[in-house]
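When the chains are written out, they are named A, B, C and D in that same order, and each has its own residue count from 1.
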Amino acid sequence: MSFSNLTRRGLIKTSAAAGAGLALPTYLSAASHAGYTNAPQGDTVTLGFNVPQSGPYADEGADELRAFELAVEHLNGGGDGGMMQTFSSKALNGTGILGKKVEYVTGDTQTKSDAARASAKSMIEKDGAVMISGGSSSGVAVAVQALCQEAGVIFMAGLTHANDTTGKDKRANGFRHFFNSYMSGAALAPILANEYGKDRKAYHLTADYNWGYTTEEAVRSSTEAFGWETVNAVKTPLTQTDFSAYIAPVLQSGADVLVLNHYGGNMVNSLTNAVQFGLRDKMVNGKKFEIVVPLYSELMARGAGANIKGILGSQNWDWKLEDQLGSRYSGTNAFVQSFGTKYGFPPSQAAHTCYVQTMLYADAVTRAGSFNPCAVVEALEGFEFDGMGNGPTLYRADDHQCFKDVVVVKGKENPENEYDLVEIVEVTPADQVTYAPDHEQFAGGSLGSCNAGA
Amino acid sequence: MNILEIKNVNKRFGGLQALGNVNLNVAEKTVHAIIGPNGAGKSTLLNVLVGKLIPDTGSVMFDGQSVLGRKPYEINQMGISRVFQTPEIFDDLSVQENMLIPCFAKRDGAFAMNGYSSVGSQRDVMDKAEEMLVEMKLADKRHMHAAAMSRGDKRRLEIAMCLAQDPRLLLLDEPTAGMARADTNNTIDLLKQIKEERDITIAIIEHDMHVVFSLAERITVLAQGTPLVEDTPDNIKGHPKVREAYLGETQVAA
Amino acid sequence: MDAILLQILNGLDKGSAYALIALGLTLIFGTLGVVNFAHGALFMIGAFCAVTFSKLLTLSHTIIDDTRKDFLGNPMKVDVPYIHEFVGQTTGDAIIDWAVPLSILFAVPVMIAIGFIMERGLIKHFYKRPHADQILVTFGLAIVLQEVIKFFYGANPIPTPAPAVFAGSFDFGAMLGFDPNTIIYPYWRLVYFGFAAVIIGAVFAFLQFTTFGMVVRAGMADRETVGLLGINIDKRFTIMFGIAAAVAGLAGVMYAPINSPNYHMGMDFLVLSFVVVVVGGMGSLPGAVLAGFLLGILESFASMSAILELIPGINQIIIYLVAIIILLTRPRGLMGRKGVMEE
Amino acid sequence: MFGLSKRDAGLLFVVALLCLFAPFILNPFPEGSAMAQFNGGYPDLMQRLVIFGIFAIGFNILFGLTGYLSFGHAAFLGVGSYAAIWMMKLLTMNVIPAIMVSVLVAGLFSLLVGWISLRRSGIYFSILTLAFAQMSYALAYSVLTPITGGETGLQPKHTDPRILDGALPAGQSPRANLFGLDMKASTQLQLGDWVFTFNAGYYIAAAIMLVAFYLSIRIFRSPLGMMLRAVKSNQQRMNYTGLNSKPYTLAAFVISGMYAGLAGGLLVAMDTQVGAERMFWTASGEVVLMTILGGAGTLIGPILGAGFIKYMENIVSKINDNVLHGWFSFMPDGIENFMVTIIHPFVGKGWHLTLGLLFMLVVIFLPGGLVEGGQRIGNLFKRKKADPKSPDGTTTTPAE
């Protein structure tokens, strides 16, 4: 494997004086760059991929990193080009970005906002990264997004689902391809009403932090609109590992649906506990007791094992979309093909969103003809595209949120292997999950204006 | 004039009467020994004096003030210093620092937020500590780690630390326990010297009759938590009750 | 009423887990005077013994099935466990189903061996070192152990189900005359409760009724004296460390079906188990058990929605709040002895 | 000099030089070279090194001197951070009020926690402090979300009142500054293949660290410092020497809490955001590790320990396989891949493993921490027989 040395700012290579080493010191201030932070110089551009590599989400981070590496390979003309073949915008041609070879640096967010910012700052300050992407939680996404806004680089969010990222904490330099709590609720509610009936009593267990709050609110309001009643909503500590004390009273409440607004390890444990309590074998109010998990990933499904069977939830994307629902979701197979060939298993939704974000960034730069963040923001705002696996998609200018179809999934009864754990139930079309930019669940923030930095 | 007056002190631990109606006076500027067999209540009495234990009844007056209910450091600040059975010094500090701490306690009281000027710049305390080190023949060990000293030197240092506070009453709890003969004799000489050179009252609890009879001016014999006799050493030696109740055992101990 | 009964039941179950984890920790404190920050890692390794054992049972060879295609359109690779070939599919599946209880047989020797190696190779050299050094070195060891597990098993939780017969839950409510479904409790958790009770009882009996246990208890009370009696206490301490490791490991094995094991589950339990041990009183075995049950029950009550409406967030802090109150009212925890770990 | 002994003044001078020239010292490798990965001379890391240095210096005043092992100091850092960010949201982006208030608030909070926790000693004290910190973390992450921002933390926004600052010009985000000097302002010096970055925020943080270090030397050498070591050595003797050990330990606790608050305030001043994870028990554990790793009770140890851990965290975690291939690309392919396979588990996502191994190695072989390692190397060069019992020997000097 060949790989040229990582460079910082690349500017040294071009500096004629550098070789001699005897030249007088050159004083440079950051402002003397091309008018924006970390303007790429020389023939390379550096992107920063900031993913959890330690802590509970390390496996998800590893999958994100695989997708990033694949995207860089494709951008530089390697491999089969992946989604570049299906992407509606044809600006990219496999010669890097604007002719500059794409290089990247990686860091560990540890799923802690402090560590994530430290890592992102080192990418910006030390490695000269002009775009930061990745992450596996909303806390990290919001923290790094705010940092990128201050520093004047673009943030392409990875997996972040809380409304806040493009709601009260939105920033002009930040963009989210992933869907959000509201969309999960809006996509799930009609299908829940359809599958389980409109006369249902729901009991929510909610992770006691921002993402939990927004998800509970979204699912509650959407399901109540279909006639469901919410009998109770209990908040559970993030650090909880055994949820028995929260699950034991569920049946006493007279509820017949349990909604687990949990993510990651919380969800794996609470679902496992709920199934242990035999909730799914019970009949309450004359109906079969059901469990719903508004957001779950392939990795969570794997962690939950057989417990996930038949559980409804929502996803941003699934690798079987194009095979099962046709060419509307073109790009899916192209991506799965190149990812699967390289790594031997199908990609997760986290990998997909990270790959797409990288491509979208590269495309926006190419269309804008500049790495200047403000130019990139302009190119991405209101951008409509297709062929990236989600069907026609809009990057809305008002809040930098992508609007696209949402996949409603169900844990598969008889999985053939450990990557085939969910089946697609239905796809809720984009217009049903679209909301006004000033929707109350997203109130309280403003994008501000783009910051190009120094 | 009595510097210490103990009246009707009782202390029970569960079913055990540790101290029964103890009445005891220590006259100023004397050496007063308290002897008695194991379990006679000597240590309990000592702990009452320094504030570690509170008696069930009775009063303990030091120089006209009650010590009962006061914390050990408050009682120390009143003028009572205690030497322990096994030397209690600051093992992790140098000999000089060991000496400085009581000097600071004497000057600044129980607590002072003296966190900016260096120790060395506070000449008055430095000089006082140096004086004590010289007086107690520890000056050449000034920079030694206290833990590294011999048992006898540790004892000497502990006594020096107590004296640095200019206490009015020095309490010694079996100061020669576990010592070799030579160290014991050195300690006796040291205490004799202190008695001669300083205006100080000494109360000593001791097992070793050799030590007691070399030092004490008055002796109280404690048995089963109650004072049996109080008299001069010569009279105690010949007292039949004491011989009967006690001296048989002391010969073993001595 | 039924809600309260349910939470008591739940608290007992939770408490038995806490007590079991804390037991080994306090045993090491009491006997060896070592603050073992790697105890959580031992618990985690125990759980991964169950994972490893079921992986061993499902050790497979791969055959290529041309009739089916995988997601890339290539012929499907199908894994066939060797055990199916050895004992037939039905028996093989039954053995795989019982992997978790069976892995106890695998975990005990493994954990004892790990305990011996840890004590002889590392902990032994730290008996006379300050507690701070013990904490640092065992914490370092805990990190190393969990990173090794992460290297082999990844960071994602690994589902390790209990045997199918223990699926579902038992309806106490119906038995006690309440409405059905009001007081239900999973069979496996009841098994865990019973298992914990047996292990705790066994450890107590071992210490109470065997000569070995008597010497160890004497060593806990006064190490120097026992040493002076000419008894080789070191060897016994090594064995005690092995036992403590095995207890932690067994707690982990049986816990695997309750929460899918992941590499950092030890750290999640570490702080909690320290709180339990300290609230119980350092080095006190009955104290640890008592504190385990007390904290388990209080935690269960604090998570009731009626209480949460009254005091929002109480479920977040209850354990720590109780620990503070107990330590302020009882200086050495519930049953601690004077002078242990107070310097 | 400055009321310090020659030796202490020398130490302070060395630390000052290290701080002044950190941009050079931490960037020893030329740009673009394979080893440039190990360069740590960028503003964020340099700031973190000195800020966590302050945190560890303060912690050492409590732990190193009195031996009281607090497992909850991250709470004071966190509380200081929240106080600072609120000053920036409400009052001004100038860092002075933010830092002052953070020290003050952390001091008050540590007074409360210390007053309660110091009723117990040993591990009971440790667990009490841990309990307070964990409660702070849990509440900040959940029910206190309106004040703390919970999971997403707090950052300055356009819409904050900031009554002392004028309205921001359109398109500008609020920036932490010192009377207009932007904390992010940097100047670069290019010398041949080397590039050195001089950052305003770093030098301000470093100056504050030097003041904090100077004050800690004064405390170490003062009667207070001696009393605190006496607390650690023998509380019984202390009480029987007429000294009340409680206010002494409480003073040490509050001072170290204020240092933690200062570090928290500075973190916000350099990087305007706070998240609740800052108060999690692992963060409290980290400062314990820094102090012990560097050498508890020594003056310079905590700074070394803090630097070591933060450097590992930020540099080793960023080494990925690509970088490894870059390093070994001069080798034949087979050996190159072999080397990458060998090193791979210890870098990048495996940086925790390296850290854990180093903890163990240091504690096993260097009981006095990195400072002892330095002394041993020093002794090797001096070829001097050090008497371990003498106060100048390596094992006994309490405050080197």
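One rule holds in what follows: a residue touches a chain if its C-beta (ideal position, glycine included) is under 8 Å from a C-beta of that chain, and two chains touch if they have at least 3 such contacts.
Labels paired with UniProt names: B = Amino acid/amide ABC transporter ATP-binding protein 1, HAAT family; C = Amino acid/amide ABC transporter membrane protein 1, HAAT family.
The model shown is predicted, which means the values in this text are computed figures rather than measured ones.
Asks: Compute the shortest path length in steps from chain A to chain C over the network of touching chains.
Replies: So the least number of steps between the two chains is 1.
Asks: Which chain's mean C-alpha position is the greatest distance from chain B's?
Replies: Between chain B and the rest, the longest centre separation is with A.
Asks: In whole angstrom, what separates the CA-based centres of chain A and chain D?
Replies: Chain centres of chain A and chain D, defined by C-alpha means, are spaced 33 Å apart.
Asks: Just give me the whole-number Å value for how far the CA centre of chain B lies from that of chain C.
Replies: 52
Asks: Could you please state the distance in Å, as a whole number, between where the Cα atoms of chain B are centred and where those of chain D are centred?
Replies: Here the centre of chain D sits 46 Å away from the centre of chain B.
Asks: Cα centroid separation between chain C and chain D, in whole Å?
Replies: That gives a centre separation of 34 Å.
Asks: Find every residue in chain B that makes contact with two or more other chains and list them.
Replies: Within chain B, no residue contacts more than one other chain.
Asks: Which chain A residues sit where two or more other chains touch them?
Replies: 54, 58, 208, 235, 237, 239
Asks: At least two partner chains per residue is the criterion; list those residues in chain D.
Replies: Each of 138, 141-143, 352 in chain D touches at least two other chains.
Asks: For the complex, give me every residue of chain A touching chain C.
Replies: 54-60, 208, 232, 234-237, 239, 241-242, 244-246, 248-249, 251-252, 265, 268-269, 272-273, 276-278, 281-282, 284, 299, 302-307, 319-320, 336-337, 340-341, 346, 416-417, 419-420
Asks: In their shared complex, at which residues does chain D touch chain C?
Replies: So the residues of chain D in touch with chain C come to 63, 67, 69, 116, 119-124, 127-128, 130-132, 134-135, 138-139, 141-144, 281-282, 285, 288-289, 292-293, 296, 345, 350, 352-353, 355-360, 362-364, 367.
Asks: Quick one: which bits of chain C touch chain D in the complex? Just the residue numbers, please.
Replies: That would be residues 35, 122, 125, 129, 131-133, 135-137, 139-144, 146-148, 151, 267, 271, 274-275, 278-279, 282, 312-313, 316-317, 320-321, 323-324, 327-328, 331-333, 341-343 of chain C.
Asks: Flag every residue of chain C that touches chain A in the complex, lowest number first.
Replies: 2-3, 6-7, 9-11, 13-14, 17, 70-72, 76, 150, 154-161, 167-169, 181-182, 184-186, 188-189, 257-260, 262, 264-265, 268-269, 299-300, 303-305, 308, 312-313, 315-316
Asks: Okay, in this complex, where on chain D does chain A touch?
Replies: Checking each residue of chain D against chain A gives 30-34, 36-37, 39, 42-45, 48, 138, 141-143, 145, 149-153, 155, 157-159, 170-173, 175, 184-193, 195, 197, 267, 271-273, 275, 277-278, 280, 313-314, 317-318, 320, 322-323, 325-326, 329, 336-337, 348-349, 351-352.
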